[in-house]
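The same chain A turns up in both complexes below, where it pairs with chain B and then with chain C.
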Partner chain A sequence: MNKLFFLLLILFPALSWAYPNYIGHSYTSCLNCHYNPFGNGPVNDYGRAVSATLISARWLYPKTWTEEDLAEKSGFLFRKPKQDWFRTQVNYRRFRLTRNPGGKNQTELWITMQADARAIVKFGENDRFIAVFNHGYAPAPLSKVSGVKDEDTWRSREHYVGYKFTPKFGVYAGLMDKVYGIRVVEHIAFSRTFPQVAQNDQTHGVMAHFLTENWEGGVHGFLGNLSQKEDLRMKGGSTMIERTVGGLHRVGVSYLNSSNLYNSLQSYAVHARLNLKEGSSVIAEAGQVSKTITATKEKIDSRYGLLQTYLRPIRGIYVFNNIEYAKADLTDDNYIVRWGPGVQIFPAQRIEFRGDIYNTRVFGPETSVPDSWTLLLQTHLWL
Partner chain B sequence: MKKLILLFILMSSSFLSWGNETNIVIEIKKNQKMIQTKFLKEEIKLKKLIKESETVDPEEFPVEYKKLNFKIFASLSKILVKSKTAVPETSSQRRLFLIYREKLSNLEYEESKVEKVYDLIQIHFKNLEDKKYIGTFRLFIDYVSWQYNAILKGPLGEYDLVVTNKGICPGLSYSQENKFFTFFADACYLFTSGGVSSDPSQVTYIQDNVLATGVKTSLGLGYFVSSSRSEIGLKLPIIYAIQNLENPPGGYEVKEGNNLLTMIGVYSRWPIGPYFFQTEFSKYLTQDQLLWSLGFGYKF
Partner chain C sequence: MKVFIALGILFLTSCQDYNSNSADQSRYEEITFPPGASTQLQTSYRIIKDRCFVCHSEWSSYKTDAQWENAGLVVFGQASNSSLIYRLKNFSPPGDMPTGAYPTMPNSEYQKLLDWVEP
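Then we have the complex of A and B:
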């Protein structure tokens, strides 16, 4: 059962492109670099400059280029924007998935995970008003469920408007990611799939965000994705609040409640992001999800844990461990631990190479099976 | 280092020729004697003003006197820069060096050169300090999970088994580390339990909660990646463990395989004050299985 569950997670990959580990560079709030205050999606001008001058290596640039030059050239098509009100971005991401690498049952698959074109319209001091449009490609699930119509592979990934009433408080409305937990980049993280806050779980709704010296949080009321049939739309609300500790670290809690005609979902989590300086960080989230099937009143409680550790040996390279725990049904003794070391390389701004090894081990009183292995090699390009 | 030599060459008009330490010491003594004989009055006055934190008027001191002080300062810097070990700040040489720096600063003589030499000497000793290896002990306890292959022999053939264990491994490590690198050996007592289940389509054999104890020891090397001394590295662990799985009835026998397992792995460690958090991901050299662990500890 657990193997099947793991296989399903692999077959329905989900992505969310945020890098919460940059708390290791003292960026506690996602708002520093993203238009969406909870991260993911388009990066603002400052974020682009940070990616050029702090995150990415300088290997491909002439030595005569200063950091200021790199920041100047970090804009779309290597240019400094000539106006303040309009920005564009293009993202492409493709990876090779190898199951059982080196084994007799080795299989390989190439998947285009992302091909997005983004446009941002913004006005006012500190981007007081923003309108974000993100249209792109979402890969179709490899395993089709009979009777369910395929969604378009090219569709709006997100579109929303936002207005900051004060620098500390803003309201956003449209199709966005749900406000919940830590938006890690890993596309199969249990912390994203269990509470249904992964790449394809965006929802139409209204979100309020606040930021003070020590606190940051938000409340999100949502109506589901309006492009779905009404009976499938997960409606509800979520909230996330974080506190800065010691000026460096963040601890927080999240809660989500949603339902449609067929089931309801309640999820809560505690999370932490620790800044261990110069790019090193530790990210942790533990949560529990209760899913109730409306027709039968059957309730399934699940639990998940996430621990990510990042180290930056040199500029442009991050070495990490992705350690996950999943218990799909608390009444069952079996659980999964997925352990994945990996490396992320940014040879220059706009280029990311990433390699992940996932080792999945099943624990249970009457279960002792060989681990399953997955190798992910990924290229991410953006303009 | 090249910068330092270049700087000294640039300053050669004021410096004595390069020589061995004895010659330099002789030069220092010669210049000190010259100050005592020719500029005793100025020397006493300058020392008194500095001691009493009074303002020094450089115009009241002859250039020749200033030059002699600068020569001594330069000679001292030559001795210090040749040092291959970190000379403590409390040593007589370094204290004397600082005294002459202060004198020249008050005399406002070649201040920029003096400060450059001072900075380079400081960097030189910091580099020496950074390269110095010191011994460090750590106590730790890991939560560990490991698998290994076994074989179930029966009347109709052999069946592959995988044994999965989990438990704790408290232990001790000793490392020689400097600012950049660490070389270490560690050992811990493996106190785990686990079980085995066969492929039910072939034969049914299930064992659970069977004690597996032993020793895990490793040699490794690591690299400190940040000022907080987060580290990453490679290690070569060896496990010697005993786990007695029961033989099922009916002529079946379980062969646990080799009790000695060799591995290669990556580890990482994050200190938080004297405490630390560590992970390990090690693959067996002769089997497909692996060991991972997650732990915390205390650095002495």
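Then we have the complex of A and C:
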């Protein structure tokens, strides 16, 4: 299976990546560029062209190439597709993780974060019917948890079918990310881990999406990931609604309720995505999570916050700042603040370099713990 | 035809378990203690199970106060002489436990361990 995957990786080119901060380019809805109306997963033809002509720089191209040339070369084998019903994409992401850089306890790890092959089948006017398949690599956790056996690291990231009854209303069924909050790419963000909507938390379910002139949202009912043991599957539902403000910005609310045999989770969040124009943006989310342990009836309330600013000084470069807050237990005095500036560089289509440095600090009246520092240098390639 | 075969392979080869809930059974399942086990012991055991057993699985059989003391991990009434406590980052430098992405266990959990060792 892995050999087939790598064959696809080599033969079939992939499309560019898109992020929630692209509201800074006036894309309020993820549906503009993605097959999944709430983002993540494969990017459609329009998204490919946007990536090639707006996001990525032209430093490596001949000056004679027009923007239209770039858009056409964003497709399969660097040309416009010859048919409308089938697309493929691949992504590869690897980074170097350095803990305590410059310190006497410095450690370094090389991690392959992502290696996905994707296939999209689509029919009908405006791609009314779609079937999406996304298979790839998920690295094993660095910190093992007691009682959890090693599992296969190759998995289906998502597989679903969708049907748009109108261009503004569609229903999707299969394995997808849960509809909740902002799908930031930083999967370790507290806004992703606390409500359990991180990179491996896809669920089997049915999702409805709607879009009007000023509103967008969805409702998602799910049964958990059916490849997991039944007692672990988180079953429930979620919803997210956004409103366009001033024609440029989005504000929204989310709610999620899920449970398995061992615990139940309720999450609430508010968020905002603000367009600062010319590719710059601000993203913020704040939420509260209540977890109840079935065996002990113990209830733990947690709170999290996220603030990201993205500035685009020139095409192809984004400078960002990431500030997070987490209080794992509201009855506790301790809380965590994580601060992480960074830079993304897209020198050309299909190439991204990213560097982040994170400082994590624990605050508490009776706690004295040194800050932890982490340096991440990432390469992201898509053919 | 080949496309559909490939799609079928992609669709059918899904087998995974790592996600936010992979450890729920281990972390939250019902635990049976011997008669007479105090509430503080039971609470502390759950915390130690969650934070420490990943590396110290040999401690999982210690379900009485006597077992923890006989193992040399706890001296009841003396937190500063209990390695289970003074090795924690919460206690003070040079405490270095637990290891992992977060620098320290929540203070609420640390306090519960203290309440058990020094009631």
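Just so it is clear, the second predicted complex is superposed on the first by the 362 of 383 C-alpha atoms of A that agree within 3 Å, B and C clash if a C-alpha of one lies under 4 Å from a C-alpha of the other, contacts with A are read in each partner's own complex, and residues count from 1 in each chain.
Basically, contacts are C-beta pairs under 8 Å (C-beta built on N, C-alpha and C of every residue); 3 or more make two chains touch, one makes a residue touch a chain.
Quick caveat: nothing in here was measured; it's all calculated off a predicted structure.
Set against each other, chain B and chain C differ in how many residues of chain A they touch, and the higher count belongs to C.
Once the two complexes are overlaid on the shared chain, A:Val319 sits against chain B while remaining clear of chain C. In the superposed model, A:Gly246 lies in contact with neither chain B nor chain C.
Of the two partner chains, both chain B and chain C are touched by A:Pro370. In the superposition on chain A, contact is made by A:Asn225 with chain C only, not with chain B. Of the two partner chains, chain B is the only one that A:Val337 touches; chain C does not reach it. Legend: residue contacts after superposition of the two complexes on their common chain; A:Pro62 is shown touching neither chain B nor chain C. Of the two partner chains, chain C is the only one touched by A:His159; chain B is not. Of the two partner chains placed by the overlay, only chain C lies in contact with A:Thr360; chain B stays clear of it.
In the superposition on chain A, the residues of chain A contacted by chain B and by chain C overlap at 366-370. Chain C contributes residues 3, 6-7, 9-11, 13-31, 46, 49-50, 53-54, 57, 60, 89-90, 92-93, 99-104, 106-108 to its touches with chain A in the complex. Touching chain B in their complex are the following residues of chain A: 103, 276-280, 282, 307, 309, 311-313, 319, 321, 323, 337, 339, 341, 359, 361, 363, 365-371.
For chain B in complex with chain A, the residues that touch the partner chain are 145, 147, 161-164, 166, 194-197, 206, 208-209, 223, 225-228, 230-232, 266, 268, 270, 272, 277, 279, 281, 288-290, 292, 294. On the chain A side of its complex with chain C, the touching residues are 1, 4, 8, 86, 117, 119, 121, 131, 133-135, 138, 140-148, 151-156, 159, 175, 188, 193, 196, 198, 200-202, 225, 227-229, 231-234, 260-263, 293-296, 328-329, 331-334, 336, 360, 362, 364, 366-370, 372.
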